[in-house]
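First comes the structure, then the notes that go with it.
Chain lettering (A, B, C and D) follows the sequence in which the chains are written, and residue indices restart at 1 in each chain.
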Amino acid sequence: MPDAVNGLNEECGLFGVWNNPAAADITYLGLHTLQHRGQEGAGIVGLTGAGMLRHRGLGLLAEVFTKPDQLASLQGRAALGHVRYSTAGGRVLENIQPLLFRFTTTGDVALAHNGNLTNARSLRAQLEREGAIFQSTSDTEVLMHLIRRSDKTNFVDQLKEALNQVHGGFAFMLLTEHGLYAASDPNGFRPLVVGTLPDGGTVVCSETAALNAVGATFVQDVAPGGLVVVDRNGLRIDHYTTKTELAVCSMEYVYFARPDSEIHGVNVHQARVRMGKRLAAEQPVDADIVCGVPNSSLSAAMGYAQASGIPYEMGLVKSQYVARTFIQPTQELRERSVRMKLSAIRPVVAGKRVVLVDDSLVRGTTALQIVKLLRDAGAAAVHLRISSPPLRFPCFYGIDIQSTHELMAANHSVADMRQILHVDSLGFLSVDGLERSVGLTTAAPHHGLCVAYFTGEYPTPLDDYAATLQDELSQLNIKVAEVSA
Amino acid sequence: MPDAVNGLNEECGLFGVWNNPAAADITYLGLHTLQHRGQEGAGIVGLTGAGMLRHRGLGLLAEVFTKPDQLASLQGRAALGHVRYSTAGGRVLENIQPLLFRFTTTGDVALAHNGNLTNARSLRAQLEREGAIFQSTSDTEVLMHLIRRSDKTNFVDQLKEALNQVHGGFAFMLLTEHGLYAASDPNGFRPLVVGTLPDGGTVVCSETAALNAVGATFVQDVAPGGLVVVDRNGLRIDHYTTKTELAVCSMEYVYFARPDSEIHGVNVHQARVRMGKRLAAEQPVDADIVCGVPNSSLSAAMGYAQASGIPYEMGLVKSQYVARTFIQPTQELRERSVRMKLSAIRPVVAGKRVVLVDDSLVRGTTALQIVKLLRDAGAAAVHLRISSPPLRFPCFYGIDIQSTHELMAANHSVADMRQILHVDSLGFLSVDGLERSVGLTTAAPHHGLCVAYFTGEYPTPLDDYAATLQDELSQLNIKVAEVSA
Amino acid sequence: MPDAVNGLNEECGLFGVWNNPAAADITYLGLHTLQHRGQEGAGIVGLTGAGMLRHRGLGLLAEVFTKPDQLASLQGRAALGHVRYSTAGGRVLENIQPLLFRFTTTGDVALAHNGNLTNARSLRAQLEREGAIFQSTSDTEVLMHLIRRSDKTNFVDQLKEALNQVHGGFAFMLLTEHGLYAASDPNGFRPLVVGTLPDGGTVVCSETAALNAVGATFVQDVAPGGLVVVDRNGLRIDHYTTKTELAVCSMEYVYFARPDSEIHGVNVHQARVRMGKRLAAEQPVDADIVCGVPNSSLSAAMGYAQASGIPYEMGLVKSQYVARTFIQPTQELRERSVRMKLSAIRPVVAGKRVVLVDDSLVRGTTALQIVKLLRDAGAAAVHLRISSPPLRFPCFYGIDIQSTHELMAANHSVADMRQILHVDSLGFLSVDGLERSVGLTTAAPHHGLCVAYFTGEYPTPLDDYAATLQDELSQLNIKVAEVSA
Amino acid sequence: MPDAVNGLNEECGLFGVWNNPAAADITYLGLHTLQHRGQEGAGIVGLTGAGMLRHRGLGLLAEVFTKPDQLASLQGRAALGHVRYSTAGGRVLENIQPLLFRFTTTGDVALAHNGNLTNARSLRAQLEREGAIFQSTSDTEVLMHLIRRSDKTNFVDQLKEALNQVHGGFAFMLLTEHGLYAASDPNGFRPLVVGTLPDGGTVVCSETAALNAVGATFVQDVAPGGLVVVDRNGLRIDHYTTKTELAVCSMEYVYFARPDSEIHGVNVHQARVRMGKRLAAEQPVDADIVCGVPNSSLSAAMGYAQASGIPYEMGLVKSQYVARTFIQPTQELRERSVRMKLSAIRPVVAGKRVVLVDDSLVRGTTALQIVKLLRDAGAAAVHLRISSPPLRFPCFYGIDIQSTHELMAANHSVADMRQILHVDSLGFLSVDGLERSVGLTTAAPHHGLCVAYFTGEYPTPLDDYAATLQDELSQLNIKVAEVSA
């Protein structure tokens, strides 16, 4: 799961409960388990006796909920929670979800979103021209307008009509007085699962690990194009479109999701072990020990060690405490502040040829510092192995890779990168190796994965982003024909 | 390193810098690396152009230092920092160290302490009778009174005289306008090391990991009875007594210290791997996988796996986020809140006979819950292996085991404990096995370790604590003859 | 000005600046001067180089703005600020103004409101049916929808069309990238004035005292039905309707507005002195001293003293510090907590027959306690004189008198009230006396004042409130024919 | 009472309760009433079932106590509270009182102090040489050392011995498990009074207004050299010295104390009215209206008006809200920020010759700005009248006038001051006039007042301050012979 060591950031986690008297408490526990999906904001809406109430704020869940009554006041029979990652520009309270809409005629609606819409900008412009008003800069508000402008006569039909108008990657959850609603985009980019609580009630959330954390029993993954409705009639699995094709975000398996989660039946830790094994086969090296970058790369490192026969060792230690620093970033102190997060166990690595396994390579800056840590601790050689393919293209479905400019592999060859990172060798897992390591059983392209960040093959039209991407790629001399948009 | 999962708590970490213009920044970085030694309070005193200034508070370092100028205002050529664990009763700001004493005639003194004095109570009563006033309930204030009441004519001699009057386990550090001073008790219970900074200046601190974190080069461990003086004449290694006998706290190797630290030349991670290996030899079992309780027991689990040939697996995952909960602790929710910290990877453990390696067993409550986690995830059998001997006696030298009543092994046989914990088998490392795993090269008893919590053989008289302990042990029918006091 | 001693609360203060580089600073100063108009929330929107930014929060201005960069980040060439009083139910952050709307196609709009709309509920229901979404429970959001749904082609025309659809009491201010806009309802219930800054720029705000505080020169009151536009073409005084009739809220003169403000040319302090003088003529009494309830009733008390020849004395003192109390409200301590706000000067009142002048009588609870304060200090008699008529009807234009049930004078005769309040005599100013004391020169009914709370003659239809009021009054046996709605 | 408009600051307020179950609540109420005596720190020690507990912090009482349990946890049968003003250098938490001393042998002691000791520095140096340790820079800690070093065998005798060793101005209060103790210096510089609660228990505090606020009945002023003991034997009025001579700080009557307090039988408001009357006789002027600077000078202004026959008017209004400003102090904005505190009522002063009555003149900066306010509002003339003599000498007994350099009247003649302040005339009350206005009935010099700040006649030796004062005065060409030290 993400460590803030890596430069990648997920864009959100969702957790909703229907029909349980401890709904807000359970949502708090569930969001805690999903904290890795977003650390910049958190919020919970509770369906209470006094109507829908919300508490939200900037920061970690534990920074937003600091007094008992902030949670207690939300207690009721249903709740919807959200943890959020956001880009710098949008780091304002207004954008923290769930959004909460007040309708005196039809009852309040809470709305939360994980993902990114590719046609939000054009939809919004159209809505503004038609008189719609907006109070945030986030994509999410668009969906509420589409729902309310639908001519359909009941909420589920309105919601279905709205869902058919938005494109891109999304898991949406909505809470009303009448029910909890959850929908996945037609490609199922973002994970979304359903479970039931032992003492009654239904949970819908981003990862199975959160079901486990609250003692819920897994029911099923929300299918691409699926719409889950939980109301007084119980749980109903519906869909809003049949034009679907599975393309789960492969970075969920590589890096984002928790190792104890299962996505479409595949355990994330075990998928990572297989990535490490396959990486050992594709990118072998003669060395003394294998070390993973803690904690997200330990699974892959164990796999590499098992397949290669090179001993798995604990060469790096990660601090469990938040490393906040006010220190002026002189070159020397910058290095020191990296050491607030990671340190090497000197006698483990001293004199050893080390295979360093990391799960991904984004900007390369952190890898450079980890390599230096190992060399300072006496490593005789450092062979860097990445358990995913080179990241060369931006993501438009909910991961914060917004530009090719920041991607090391979009701007450099593997040979160049090896030199820049001062490693003795550098190897990546192949796209095919990644797909087979996950091993989803589906007839969909790329074994049901989205691998656009590696290949430029986007599973959907890019709408509002198409033109900008073309420009960017032509500057980089990347063959734009590769791109599907 | 401690995880707050276990029930044991260290009582402090120390970090001081002399003669470096970034003294306060470096101390902040160093304390961050020592945060595992105390999470309930933190403070830094800086020797600034405006005199000695202090910032301290309750909570983690990152909760105490929340604004840039809190640290910036302490910048000067020297600093002394402290992180503190404290028992509930003493959790007040007044006890947060460093203590800071204001002398208009001779200049200010900052004082910080890691450990516990066995004769503090009687010394304090004597001092009070002689007119001394106290503004805290901590032992530490006693030392300052002894220093000021000494008849000696210079500070070092006064300090030496004072150090010879206090008994027990201690690492003391003092900062004046003229120098930085560090002393270890005659048994060297608590680790204390000296290093030099690349750009000038000297560091004294609790663990070598903190030296590494700030880029300092290790010089030496402070010897039992040793007194380190750093002043305008540079670094001087002195001593205040020659009646010494090495008895390093064995729990530092078992649990407290960071895996990347070295104490008296022995790397902590590697000592733990050897404990795991020896545990496998002493307490073998037929099983499918070995799992450690993350993070502190992973080293021992790797050792057990290597020696037993049973595969090492990642069966448990630990959350990296602080789990603060306001939730009413009903039985059901209490279990859920444990799952905020730890979770099992179901497909790893399902159907498997698991060797669960933990580093120590205190109250047994957490172990019970972890065993349940594994069984809920489908483990076919759980064999609990503890990489240290049964904890049966309190510690009076700085670890928070204050009463035998809370120690499971002081109140139950191994057979009983196996039943209570619902494990298929239970085995502990022997005292001899522990001593040999650490492997200090010394002629001192117990290979230079304090193993009093396991055997009742206390390396020093217990002074103020002797009578109470005798009472307690006689109630438990533990043979009091065992106890050395 | 209001003291939180009285039970009445104003519903807001407005302050906007256009075309001055210190716009946010000036707005902060201006809002401070208007703090008496609302103490439960404050917010400022700044038109900055980075677009429209907002800081808002619950509480006093000084509690909302606690760090320099919260204000500094709003600095730009224009700003709009708001202080808010809100009823308990709506005391949530979402309702704190200015509201800020984000339009990617036409630019952002900030909106602030002082007053209450009588047809907000029905307009909102209609808008919701037409697909509009709401994110607050305040009336104010309605106006933005009406503006955006207008078919007009420029902002001013859209705004005018919207203003013609809302009824009741309002002063609206809007800020866009292109200008600052301010409008007053057709009766001019709430004060709103325009001024110019010495170093350039225009200010529009609720009271002239705020103009003085920022060094601005008064230009004019915004007329009923008036629309002020300030943009790159300078200041333009326009109107959106000509169907107007002046009916300034008389309680602004009696209680709400600052004594150093002037509304439609009448200084508030001097109007209060005249009310006191007329009260002395209408309700004379034989007594030794005249005391006012500090601070809002001191002007009227001085007038009473001057006209009656009875000496004006300082019999009561008001604490200048916020009296926040956590103490359990037992009867005894409740009395004590009143004494945190007010106290009597014993030797001034002891043995004296006191004329106690207060500006209004709402629930009577505070008056009862003040009378007791005076008697405990030895007053020989207490003659209560109220410098306004009995409050018997609710206000629907922006003052927090929402129900007749809480109004003492709506439920009791003057004779009854005298007994309940334990005063030796009780007298009120007549409606005619009030109107003549203010002395506006206009042909409008009631000399241009709204006196509905005294007489039930509402200057406008009551729309959404009409039915409820009829019910309430019939229960009270108040002749409903009095009511104009 | 002080308004933070003036440049003078009191150094503390004391409030203690013995034998009442709501001791902490009552202390909180009492301190609120004494808030004007110190706004930079507050603290309460409660004698609870769990021993003596303390909550203290920087800022106003309402900023220090922000959560209900902060006060609730202090509840017990006795409490001691303190509000503090402190000079910039000492504005650290360590100096916030009550100080709390922990004695394991004899029980805890809380100590609070209002005043300033003239021999603290030399006593402290002596104590340090004898081995005493200090943890604050405040004078107060000295007393605790003296008590504990006494050879006497009971606490009261030890306290008496200690009190005889300290010189200067002081009101000390101490709380132990056995009693509440209060002592006044031999001149009675600072007020200190005793009262009884209706439901049992005794209160000792700085001013009678605080007795009234908690419903306590006044018993008596603590006499110079007096020692009040409240314990299980009830209230005992004792003394520690008979060498006494009343010299109440005259500034208590002029400015510091609340108008509703009585000091040695003289009501403060009425004393101020008499000062105003006498000022009118000593410094008459032909004018149209009399205005006081709110709130502290209103009493004197009323007196001036009564004696002169010139009408008393409300020409200035003071904001009741805290004026915190982050704004960069350019000249223009500095003026504006003064207007956050005070404003003129234009039609009251326009065209009028105004007698502006202020209670004291320290640096002259605020007076200059108020004069400008009046002139900007159209005043035809401003005649400044000060209801106390010119401040020319520092105070060493507890008022923050530490240097003659900052005193306008120590550096300028009255004629010069008139010009600097741009007033049409300037007049001060004479020392004799002040003494007669207060009118204490005593044979002590200066009618029982300390008038040292006006005349340089200090009632006690100046000890540690004597030499510095001589230097300063000789620089100013003030005749040092005047000074009594």
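Here, a residue touches a chain if its C-beta (ideal position, glycine included) is under 8 Å from a C-beta of that chain, and two chains touch if they have at least 3 such contacts.
Owing to the predicted nature of the structure, the values given are computational and were not obtained by experimental measurement.
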item: Length of the shortest touching-chain route, chain A through to chain C; value: 1
item: Label of the chain whose CA centroid is most distant from the centroid of chain D; value: A
item: Distance between chain centroids, defined by C-alpha means - chain A, chain D (Å); value: 61
item: Inter-centroid spacing, chain B versus chain A (mean Cα positions, whole Å); value: 37
item: Per-residue multi-chain contacts in chain D, two or more chains; value: none
item: Contacting chain pairs - touch in the sense defined above; value: A-B, A-C, B-D, C-D
item: Residue numbers on chain D that touch chain B, as the complex places them; value: 93-94, 99-106, 121, 124-125, 128-129, 131-137, 141, 144-145, 148-149
item: Residues on chain A engaged by chain B in the complex (per definition of touch); value: 1, 3, 22, 25-26, 28-29, 32-33, 35-36, 60-62, 65, 67-68, 71-72, 199, 209, 212-215, 258-260, 262, 267, 269-270, 295, 298-299, 302, 312, 314, 317, 319-328, 332-333, 335-337, 339-340, 343-348
